[in-house]
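Please find one structure pasted underneath; my questions will follow.
Chain nomenclature is as follows: A, B, C and D, assigned in order of appearance, with residue numbering initiated at 1 for each chain independently.
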Amino acid sequence: MKIITVKNYDELSKVAAQMLIGEMFQRHERVNLAITAGTTPIGMYEKLVAEVKNKDYFSNVHYYNFDEIPYKSGIREGVTIGDLRELYFDPAGISEDQIHILDGENYEKQDERIEAAGGLDAILLGIGSDGHYCGNLPGTTKFTDFTTKVICDEAMKERIAPHFEDRAETPDFYVTMGPRSVMAARHLILFASGTKKAKIMKAFIEGAITDEIPASILKMHPHLTIILDEEAASLLDKEK
Amino acid sequence: MKIITVKNYDELSKVAAQMLIGEMFQRHERVNLAITAGTTPIGMYEKLVAEVKNKDYFSNVHYYNFDEIPYKSGIREGVTIGDLRELYFDPAGISEDQIHILDGENYEKQDERIEAAGGLDAILLGIGSDGHYCGNLPGTTKFTDFTTKVICDEAMKERIAPHFEDRAETPDFYVTMGPRSVMAARHLILFASGTKKAKIMKAFIEGAITDEIPASILKMHPHLTIILDEEAASLLDKEK
Amino acid sequence: MKIITVKNYDELSKVAAQMLIGEMFQRHERVNLAITAGTTPIGMYEKLVAEVKNKDYFSNVHYYNFDEIPYKSGIREGVTIGDLRELYFDPAGISEDQIHILDGENYEKQDERIEAAGGLDAILLGIGSDGHYCGNLPGTTKFTDFTTKVICDEAMKERIAPHFEDRAETPDFYVTMGPRSVMAARHLILFASGTKKAKIMKAFIEGAITDEIPASILKMHPHLTIILDEEAASLLDKEK
Amino acid sequence: MKIITVKNYDELSKVAAQMLIGEMFQRHERVNLAITAGTTPIGMYEKLVAEVKNKDYFSNVHYYNFDEIPYKSGIREGVTIGDLRELYFDPAGISEDQIHILDGENYEKQDERIEAAGGLDAILLGIGSDGHYCGNLPGTTKFTDFTTKVICDEAMKERIAPHFEDRAETPDFYVTMGPRSVMAARHLILFASGTKKAKIMKAFIEGAITDEIPASILKMHPHLTIILDEEAASLLDKEK
């Protein structure tokens, strides 16, 4: 585990982008990345788009989404892939054959097809203030789970409903790579920004491995890099 | 996680030896291995000695012990390193500068010096029928621990006393690489033989991550290979 | 470059087998090996068959031949793949989907398909007393060549004719991975046995990079391991 | 070999900086880089300084110079390390213990100490219009050379004299990592900018392996990345 503390959100975005570009350049053969949607990566994708757009030397890079909330009616692609297209794939002009969609239909094959493609070189993860990552929320998956379907109870439906303009589209389930799918990647990159993440980062970095903080298990990975801005790092013990 | 099931103890010993030799050959620069003492590896070391003895092309291989039970008086080296010398280092003629001893004095530097040496390429682990590995016994270490000192209560002293001819040498503590030290290795190899290990292997492979089975955390490693003979594998669910 | 000198042909065969098995175990995902036919590997394949046969834990290993002399009429598979089947694939029970045949039809795609499969982890090479390896004989390929077709002049036809019971089957060309295809592998393993190889090994190891000794270029690879028995090493300068 | 063609010098500098930063981030343990002085990297170092200065998360990165022209009197450090300090080490605030100086005294140990440190992860190379790289000029080193001392004839002295304000300081020799030292790195990065490099890049990329173009041997490396701006790439055959 290596903790990189930077000044602010802009630096965080820059360092995360540098790290992903480093992964892209690490070899000439196929490189597999699983990347996150959400708000934390917005600044990073802006920087990444500028570096990746129209660069055919990155055609060896393949992308995976690691969770998905489908539309109930199936009228369109799910929430996560939609966000990734808007944030990154579309503005960066990523070719469709470099995008490997996880959805409600194919999730049972996710781990298998990633392994067949050589495994994930890196996975970029955000973290929620409740300690969730991907769709691994407290009370949903077990540490031993691979990619799985999570049935939504009413509380969960309430939680994900804001993703849908038409709330009738809120689905009864979502899918997510599980803890073991994530831990199988060769490099975990987790980033967090802002005071709203300070408390969970302290619990995550200094606390125990516990189901109550799903991300806590990630500390056991042999190659985990954490990027924090000063605010997110503000509650950490000073002596390393 | 990859499970390799072999017929019997002899095959188990052979495959474990092949795997370690493979690690030794994987590059010309320094290779770092942490290896286990105990009864499971006896057959493997016999085979390994035959392949390693007087082979100067393995002079790039460095060895670490991952736990140690010291003699209370300090009159001689600890139990683990003593066993490793008898089982392997002495008969194989391993040079002293390839042996990196963990003991009660230097344990706080173990993780640091391993990282400075480039990290462990592989660690070979046995497993106890109580789910322990290295000195990580139920109730001793937490998943978040690095190399640490374990203070022995009376029950633990009873347990380790048989290692000492003169029971007055039973120490008040032992040292062990902790779960995070072990998980930091690039390749975990865990092997188990015999019906006496069948129950724990079922719990380990099919059960939850739990402090009650310290080894259970190892399932989360991105590169864990498990070698079992048919007896140790006899209780596993047949469908993969 | 690392030179491993062993006592005799039997040890050479054993060490080469250990090295290949090490490659097979190095990761759980697909492993790609290009292996040699000929006389040098006969002893190695005997040992390898015993370790690989009926071992489904090696189902992640894929095999490539690196050159081929086709039958002129095309009535059967080429000489190299025929030899590999006889020496190794058949007795070891290697599944057909793990065998990736190079032949006179598909050679132009060889480099591309290997790269798409993740590249070669290792290539095992013999060396001729004229310094050739694969089908890179003096006067046939240039150092800059990738996989290519070599048109046979009369002298070359004479040379390869003994491979064919019916000499009318001697082809007008053969195909081979070129120097750059070979150098693209992550690990080159070259072995040689017997006094008949002593002179070329001295020229190869101590001499210049020259077209006259096609194998000489292999010394420039960042990860070349050479295995020699005492006879093949007998002319080398003693002071390393 | 992968060729990355970018628009202009500024993009070339940016991509080279991204690639080096990628190497720095590739693992938490020690990373070893050999880097070039000269004019091509000036723009890159400007960018790199901004990203590396005061970033203690790059304290795992170690730097090597790959050639050196010493001052005859020895009154100060050599030309190359002096340039690297001015261009990069000083403005980036690189700590002295991360800088590993090659000079006229220690060159015979260069290959050994690099191997003992784990080998070079990457080496960044410029190329001269005569095809030289590092101190490997036509007529000086052989492909088989490791780090070596090159005795300067009068023509060479003329050539290197402009490096010295006081021409009496022009030395009788210089030292350089040889072709085999360079080829031992895990990743070769070669960059070239401007029309003055177009002719040599065509000869290098499309031509033969020849002593007359020392850099030509680098094409044989399994992991060579070439970065060119449009001018340097202007004479290349269009069809890949």
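Going forward, contacts are C-beta pairs under 8 Å (C-beta built on N, C-alpha and C of every residue); 3 or more make two chains touch, one makes a residue touch a chain.
Because the structure is predicted, anything quoted here is derived from the model rather than measured.
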Chain pair with the higher count of C-beta pairs in contact (B-D, B-C): B-C
Equivalent-chain rotation between subunit D and subunit A, CA atoms, steps of 5 degrees: 180
Chain whose average C-alpha position is farthest from subunit A's own: C
Between subunit B and subunit C, centroid-to-centroid distance (C-alpha), Å: 37
Computed distance of Cα centres, subunit D from subunit B, in Å: 43
Of all residues in subunit A, the ones touching two or more other chains: 28
Touching residues (chain side subunit A, partner subunit C) in the complex: 28-30, 115-116, 118-119
Subunit C - residues contacting subunit D, complex: 142-144, 179-180, 183-186, 207-209, 217, 219-222
Sites on subunit B touched by subunit C in the complex: 2, 4, 18-19, 21-28, 51, 57, 223, 225
